[in-house]
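Heads up, the next two complexes both have chain A, just with different partners, chain B and then chain C.
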Partner chain A sequence: MIKAILVFNNSAKPRLIKFFEHYPEEIQQQIVRETYQLVSKRSENVCNFLEGGSIIGGNDYRLIYRHYATLYFIFCVDSSESELGILDLIQVFVETLDKCFENVCELDLIFHIDKVHYILQEICLGGMVLETNLNEIVSRFDEQSKLEKQEAGISAAPTKAMTALKEMNLPQKLKDMKLSDLNLNLRF
Partner chain B sequence: MAMSTTMDQVVKRAKDSFGQMFDKSLHDLVRGIRNHKDNEAKYINEAIDEIKQELKQDNISMKANAVNKLTYLQMLGYDISWSAFNIIEVMSSNKFTFKRIGYLAASQCFHEGTDVLMLTTNMIRKDLSSSSMYESAVAMSGLSCFINADLARDLANDIMTLMTSTKPYIRKRAVLLLYKVFLNNPDALKPAFPRLKEKLEDPDPGVQAAAVNVICELARRNPKNYLALAPIFFRLMTTSTNNWVLIKIIKLFGALTPLEPRLGKKLIEPLTNLIHSTSAMSLLYECINTVVAVLVSISSGLPNHNASIQLCVQKLRILIEDSDQNLKYLGLLAMSKILQTHPKSVQAHNDLIMQCLDDKDESIRLRALDLLSGMVSKKNLMDIVRKLMIHMDKSEGSHYRDELLSKIIEICSQSDYQHITNFEWYISILVELTRLEGTKHGNLIARQMLDVAVRVESIRPFACNQMAILLANAHVFIIGSSSTTVAEVLYAAAWICGEFCSYLKEPQKTLESILNTKIILFPGHIQSVYYQNILKIITYLIQSSDNDEILAKQLVAMTIDKMSIFLSSGDVEAQERASITLHILKTVLKLIEKSEFNVNELSALFDGVLNPVAAKAQRKVAIPNGLDLDAWINDPPSESEDESVTTDSRHDNSGFFYGKHEENYSSNSYSNETSNYQQPRNYVEPTTDELEKQRESRKQSENMNPFYLKDSKKTKLTQKHETSIDHSNGNESMPSTPGKGAIPANLQISLSDQLYRQSKIDEENRRLKKKSKSDGGSSKKGKKSSKKSDIAAIDENEDDIYPTVQVTRGGELPEGVTESGHEDNDDDIGSRKNKKYDPHRALNIDFNEKPIQATYTPPPSQLKEPSKKLVETPPVS
Partner chain C sequence: MPTMRGDAMRGLAVFISDIRNCKSREAELRRINKELTNIRQRFRADKTLDGYQKKKYVCKLLFIFLLGHDIDFGYMEAVNLLSSNKYTEKQIGYLFISVIMNSSTEMKQLIIQNIRNDLQSRNPIFINLALQCVANIGDREMAVAFTNDIPRLLISGDTIDAVKQSAALCLLRLHRTSPDSLQLNTEWTARIIHLLNDQHLGVATAAVSLIDALVKRNPDEYKGCVNLAVSRLSRIVTSSYTDFQDYTYYFVPAPWLCVKLLRLLQNYPPPDDPSIRSRLNECLDTILNKAQEPLKSKKVQHSNARNAVLFEAINLIIHMDCESSLLVRACNQLGQFLQNRETNLRYLALESMCLLAASEFSHEAVKKHQDTVINALKSERDVSVRQRAVDLLYAMCDRSNAQDLVQEMLTYLETADYTIREEMVLKIAILSEKYAVDYKWYLDVMLKLIRIAGDFVSEEVWYRVIQVVVNRTDVQSYAAKIAFEALQAPACHENMVKVAGYILGEYGNLIALDPRSTPIIQFDLLHSKYHLCSPTTRCLILSTYMKFVNLFPEIKHHIQDILRHDSNHRSSDVEIQQRATEYLKLSEVCNPTVLATILEIMPPYPEKQSPLLVRLKQKKPLTEPEGVTESQSPPPPTTGHNGDGPKLTETALHLNQQHQQQQNGLLLSLDTPESNGYYEESTSKPSSSTLQSAKKFLFKNSDILFENDLIQIGIKGETIKSTIHIELYYGNKTTLQLTNFSTNIFALGELESELRINMEPVKSTIDPRAQSKQTGTIDCLADFRDLPMMNISFLYNNMLQKIDCPFPIYINKFIEKAEMDSNNFFLRWRNLEKPSQECQKIFPAKFPMIHEDCRQKLDDFGWSCLMGIDVNAENFCGAGIIHTTSQAIGCLYRLEPNKQANMYRLTIRASKDGVANRLVELLDDQF
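Here is the complex of A and B:
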């Protein structure tokens, strides 16, 4: 079982926190900090396993991590998982991110944390590995994004307006305003 | 119609439409936080206030946006549980986009204790059975995170239905989710099991993998209920090509074989085939692990048993030699499992493990260290320790060095010094360890010195003289004593020199060096030992001087003179002891002047032999008839008095002597045994006759023992060292070289090295001798060699070429009690330590009460029926 998946950057800022067992927020943050302490002092070219010890779960648990550029990807797993298997899984996760975001970087994770979660939901469920095939994960994720776009197309001024504002699409903005303007005019 | 709208409504409606534009999206929030690095908390609190406003609106997309932002803030450590109801609103949206946002937020912040969960049952049921498979999947992902006992009970059947979906995408999620249902509602397992079993043979490999995953999780905790599935798993193992599935199955077999040895025998062949054929390191590694588990469970009766172990060890060697640190680490980990049952096979790779000690990766070094303790034998102990000592010199970081130090002591002292053939060497190692800069293990070293000196009689002369050297150089321990506990060794040194002072070569000199030390600078417990042992040495000196009154007088007068400054000690007990010692000496002086002094009166103070006491001796003392331990001897005192009584009774508690350092050794396994030294010494009080007899018998046994280092040789040896040490002592006491750095690092290394070389030569000689004996046939008194004429047998029995040193093992127990009794082993750290390698055993207990029956097949009708009864189920983790 996977007990937790953490992603944080080189200065301990969390970029993804997924616990498959409930911990209060302050404990979650503490776990992130302690894990960072453990992981960040390790040099490159040392092994990717750490005995978790007191952080989560106790003796049966260990931390398996990979360090990519500015980000640490950490999986906390118990002894029913294969260490090398989980290392591969982290690789799959990162490659999927790379495909879905097209050359993923830390900023993608920062601004699209929801998407990262949705990708992760294709990879594991309730702490158990669900899918390890990169193409399958990516195509399922894409299909769901398409679904979202369709919904946005059908009705969705609000969402459209949101994106519109971001892109400073003024005509769109005015279109939305007209309706309410009309109402106001009627009143007075 | 429009006319009737009130002002408020209009404003609200306007807000609904405008609002969206002025609200922050998640993107804006993240950017805002990044732009307010200085007052992030303030910015976020404002954002939360805005979110609260947004959540009050009717607009669902606005709510979804707000919830999405909350999910982000939750990651930053903000508690968002107050928004639980709004999250449910968003979850219940008809739009996939919003539903997904809602379920994500729920999965991050809901837990089994969230009370609004009871409102969600029907909504989740609807989502699970949605015609859109992605909606259903989103619901399942969310549910897996926040499912509780009620949801598990109410939705079990809906999830069961999903297991028969035509879409593998749904089926595999339903199978995995079922495990969470079982955890939260154990009653669901029995009716669901047949269908779960079917899924092991699902046409879709993903669903199959999910089913294997779930059953492996279940079986890991309660393996015996799943033995019946072994044939199916066996078939899967030989047919599946999915490495994930194979790894899970192989791990499962590792858990099943201890219960069914026949299964193990069947497994060896396919597993070895996999080991030979697979190119996936992860699979190879798991195969090795399971083969090891199998071989442990069927220790006998397998013909190719040795070949399999050899194969595993060889493959592991390849892993350890790999440049990939991960493989190296795992290789060492698996080696330690083999070591427990087949130490010989691992010992052959001694060189490799030694190399790992030089690895730059600390986790690998620590793993290698772990292995070492299991690998030592009489033959290689000295080599291994020597390497560790060299290693300690080179290594950086006091944590790792301390780890090395305690490891050295652990491997030397394990099973009552079983592997030590040369105690002179060990004592000199211990003395060298005291030179480790800034060590926290002063206590550990001190206890070892005491333990060895007490248990190994033949070492006392050597130990005494080494300790005398330590005492003569006590001043080096005064410096920097705050950061290190190494001064503790003086406690041992003073006691050994006092107790066994008859072995001191120059007792008077030792006495003088003790008296010239600034004892009052040491911690109280060390001072106390010093004062007590000053008296012991004086007694011995007077006793051995043949009643030379002038000498006695001179000695006592000198000591009185020097001791008076010790009366100013800051420690109450030390001061008291100094004072008592001083007064005894004054009385003695008076008596000598009156010529009424009888040395036997003085020596009576220190009569008796100190024997090690078994760890459980105190507990095993039989309560005499008629003694009621619970009855008050005197009437119960008032509260305050009670307290003082308990402090007094701490006398035999080592914590009293060692004060705050106590925690340092509570972690090591022999603290139990050694604490006995603190017990009152009047425990055994033999008469002088008995003492004499014991001494006689000891001498006899020494004479009988061919390996006992005879006097002539011994003096030569120690004298040689002493000169070299004295020489360096001269350097040390020179005022120009003060401070820690002044301790010559090589002061004693030469001693242990000399002893090391000496014993290597001795060993070689003995080996040659033995060989020539066996070559010469059985004509002489070679009893052993006559039996084993072939060389292989000799090699195997190399142990007899090592000297056997008499070690008092275990300890004294009350009469009529044997050590075997394990009636209360709550503090039996050793046995617990061994168990920790098998996590399944520990987990099994929790699950025993679970009504799991693998072979049970319920009537099909039961599958459809939701169990309505309210069962309180303990959460299982």
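Here is the complex of A and C:
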């Protein structure tokens, strides 16, 4: 089973943390740090599997990771999962993100953390692989967004208008973008 | 969906931008704290928050949590969102709960109720949200609560596919976390198995995962799945990739489902039915054939998916281990992968080959790749891959190639990564012993091993060298010779000194005739290392000196001088001091015959499982090479020494060794057969002393709860009203890892209804000399008398250890101090005048009657100690409130010392019947 899914960027800032087993907050952060230590010093073109760190399970666990531009996607799994299968699953996850966000970049993960969680929930449930079919995942996600919009349409119209007004401060928003937030450069 | 960026929450975006613009960690922290305060206030003050705002705040909390800050509020708001009818609100509520909430919260029942409502909803999206939440939290309570609902969703005809899929995995999750509380009706078995045939591939994939777990629990009940799995598999592999449309991943039809099916089949032996079996073989054949076809796409995803299936097929072939043609083909395929450009494939190929090497059909075929593997060890850039190469060399080693392989591994060891050195040392040691034709070769290898990787030679390794030497008379003189030579090196690792010291002490006489190694030369050489060594090693060397006294009477005086020397005779290290003193005395008082008997050479060690294999297994629970799996059972009891030696003096020496055994563990426990099994299955019963120390906790909030040679358990408690927060610390005092560590704190009998115990699970291993922490809470539901019990069990050195002791939670832990003036006190005192509310006892003083000590004790007990209330200043009065979840019990006391009679009179009144008696019972032997 998948024990944890971590996404962090090249400078160790976590962008998504999802544990399927309960760990206290400080241990979770410790695991993120330790995993970053393990993964970040590996060069490109080495293999995508390595043995887990000391906190999260030791030898029975593997870290399976991929590095896309600024982000590391790491799945921590036990021996009951196929390594290559999980590697492909990461690919599916990223492709789905790419489809849902249209050219996904790190900023999307930061500002839409909830959505990222929803997408993940369609792929992986309680640490098990739920769905692997890209189109199916996207359509389920679309369905939810549609519902969301319907509801927003009825009740949130006034707030939305307000937001629209405030959104006029766009230049600031553009300034917020940082160079490191470039596209993930999916290599298909 | 381009609109997605637009409809985000503005407040959230601003907050995130703020944080990202923070220049320093402190600034970030300030901004976060400001936001937390803001949200807290909003939640508290503004009852009319609308869904949008709640959602926004919950999102902010999620973000803060992600940055590594604990969120301790907002739970109630999140739970309220669950019962909303709006999808968006429900969704965010579930998200919050499954990301942030831990498994032991008080709102569990509320959450469960909400989930149940959603599970029964007609809206599949709501059902899915609920299922996701159950799967994410997935604890025992959930398993019990939904033991019927979820299976029903799974097998019902009118559930839509997406829900079925989630239900299957949700069930799997609950099955994993608490298999015994999940009861599956056997009538459902057939219907669950038939999900393998479901038209929707997603449902089938989820179902295979579930069935795989159920099969492991009850293989016979689910035997029917083999046929269905084989036919499903065959339909997929023989089809063209165009048949599956959506479930084709980069030209490979349904790779995940294939992989899962192949895994499922690895739970059973090859099918008996010849037609099914041949169908399965056909499938495997097809998969192997496809691997030879040219790639349909240059993209790495295509080859990944194809190879994922291929590797799983190979694993199944290895598991069935009966078709030699398939095995050889598999091996050749892996051989190709060993040369592949993709690092991932090389890694996996090495790993699978380890398994192949264990099969008699393919062992020879694997050996053909020996050169490639050795080459991988030398040239591979990735340590993970090199590690696999070492594993494979270990697995493919046999008598014919052992010398070469060990040599290669030794060469590599000099440059190997530090992380894998210790394991390599173990493997080299095991192989060279197992396949040694000539034990001289074995000794050469071992000494070389210590020379090049001394730091990584664990105790077990050098213990084993000595065991081998002691048990083989033919190599003893050779051993003495090379040990002596090894000692001559200018820089000599301490482990080498230990080995050489021990061997010379036993067999130094065998080389004493050589003029290059006369007794005095041996002694001087050894002694030149003495001062560079740690105390443990010095102890060992002192024993060697003592053996020298017997072997070489001519240097006795030299040795006596050393023993008499202040640095030994008056050493600050107790063990050294004791040995020096005892050995000196022994050498002075005993005549040579007695001495010779006492210091006789060690008898052979009983043959049992090599401690090295035990050690390796601890390090790597998964890789077990052939032929070592047999002895999981505890080692057989060993026979004692031959009864010739005079017992009394023998035990004198053993006493020393037992000392050291506690420090060193393994080898020396072999020296002392009486103590073998000393730790085996030892249950530490609560002695009166532990009970007494439990009572110490009456007056303290932290204490050592239990301690023996292996473990120390500390406790810390902090009470808030009727809840005590407990922190338990388990310290491993040994040099080995404690595994399978589990604890259970429980209330028996009526106590069960009086206390609610809620402990977090504890980590299952504790590293050597490390501490593990467990937290939890205990709620007091009603006043109580008995103590909960605590069971701890773990494996130390593969032996089961159990500790049972009372858990020192007394009723006084829930007392809160109450301050009041004299009028108030006596008013209340008079109000509690019913006989059942009062308890009085006169008892003798156990400790000196010091006023200040008494006051301190009463204060520590939890209630107040009020001054100037009683006319007699020697007397103590005070009050407290016992908090239970249902009521608050007021209690008042008066303690009157009588110094002439050395007695106390204690009177307690409490607002609830019987409580006064309990408090008196606790205190009547504490003053």
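Everything below uses one rule, namely that the second predicted complex is superposed on the first by the 158 of 188 C-alpha atoms of A that agree within 3 Å, B and C clash if a C-alpha of one lies under 4 Å from a C-alpha of the other, contacts with A are read in each partner's own complex, and residues count from 1 in each chain.
Here is the rule we use: a contact is a pair of C-beta atoms (placed from the backbone, for glycine too) under 8 Å apart; a residue touches a chain by one contact, two chains touch by 3 or more.
Remember, it's a predicted structure, so these values are computed and weren't measured experimentally.
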item	value
Touched partner set for A:Lys115, first chain B, second chain C, both or neither	second
Touching partner for A:Phe49 - first (chain B), second (chain C), both, neither	both
Which of chain B and chain C A:Phe101 touches, first, second, both or neither	second
Partner chain(s) touched by A:Asn135 [first = chain B, second = chain C, both, neither]	second
Touched partner set for A:Gln91, first chain B, second chain C, both or neither	second
Shared chain A surface residues [contacts with chain B and with chain C]	1, 14, 16-18, 20, 22, 24-26, 28-29, 43, 45-51, 59-60, 79-80, 82-85, 87-88, 110-111, 113-114, 117-118, 121, 125-132, 140, 143-144, 147-148, 151-152, 156, 159, 166, 173, 176
List of chain C residues in touch with chain A within their complex	1-2, 4, 6-10, 12-13, 16-17, 20-21, 50-52, 59, 62-63, 65-70, 86-88, 91-92, 95, 99, 102-103, 125, 131-132, 134-136, 138, 162, 165-166, 169-170, 172-173, 176, 201-202, 205-206, 209, 246-247, 249, 255-256, 259, 263, 299, 301, 304-305, 307-308, 311-312, 343-344, 346-348, 381-382, 384-385, 387, 619-622, 760-761, 765, 767, 775
Chain C-facing residues of chain A, complex	1, 14-18, 20, 22, 24-26, 28-29, 32, 42-43, 45-51, 54, 58-60, 79-80, 82-85, 87-89, 91-92, 100-102, 110-115, 117-118, 121, 125-136, 140, 142-145, 147-149, 151-152, 155-156, 159-160, 163, 166-167, 172-173, 176, 178, 188
Touch list for chain A against partner chain B, complex	1, 14, 16-18, 20-22, 24-26, 28-29, 43, 45-51, 59-60, 78-80, 82-85, 87-88, 110-111, 113-114, 117-118, 121, 125-132, 140, 143-144, 147-148, 151-152, 156-159, 161-162, 165-166, 173, 176-177, 179-180, 183-184, 186-187
Chain B residues touching chain A - in the complex, by the definition given at the top	2-3, 5, 7, 10, 13-14, 17-18, 20-21, 23, 25-28, 30-31, 34, 59, 61-62, 65, 68, 71-72, 74-79, 95-97, 100-101, 104, 108, 111-113, 132, 134, 137-138, 140-141, 144-145, 169, 172-173, 176-177, 179-180, 206, 209-210, 213-214, 216-217, 220, 243-244, 247-248, 251, 281-282, 285-286, 325-326, 328-330, 360-364, 836, 839, 877
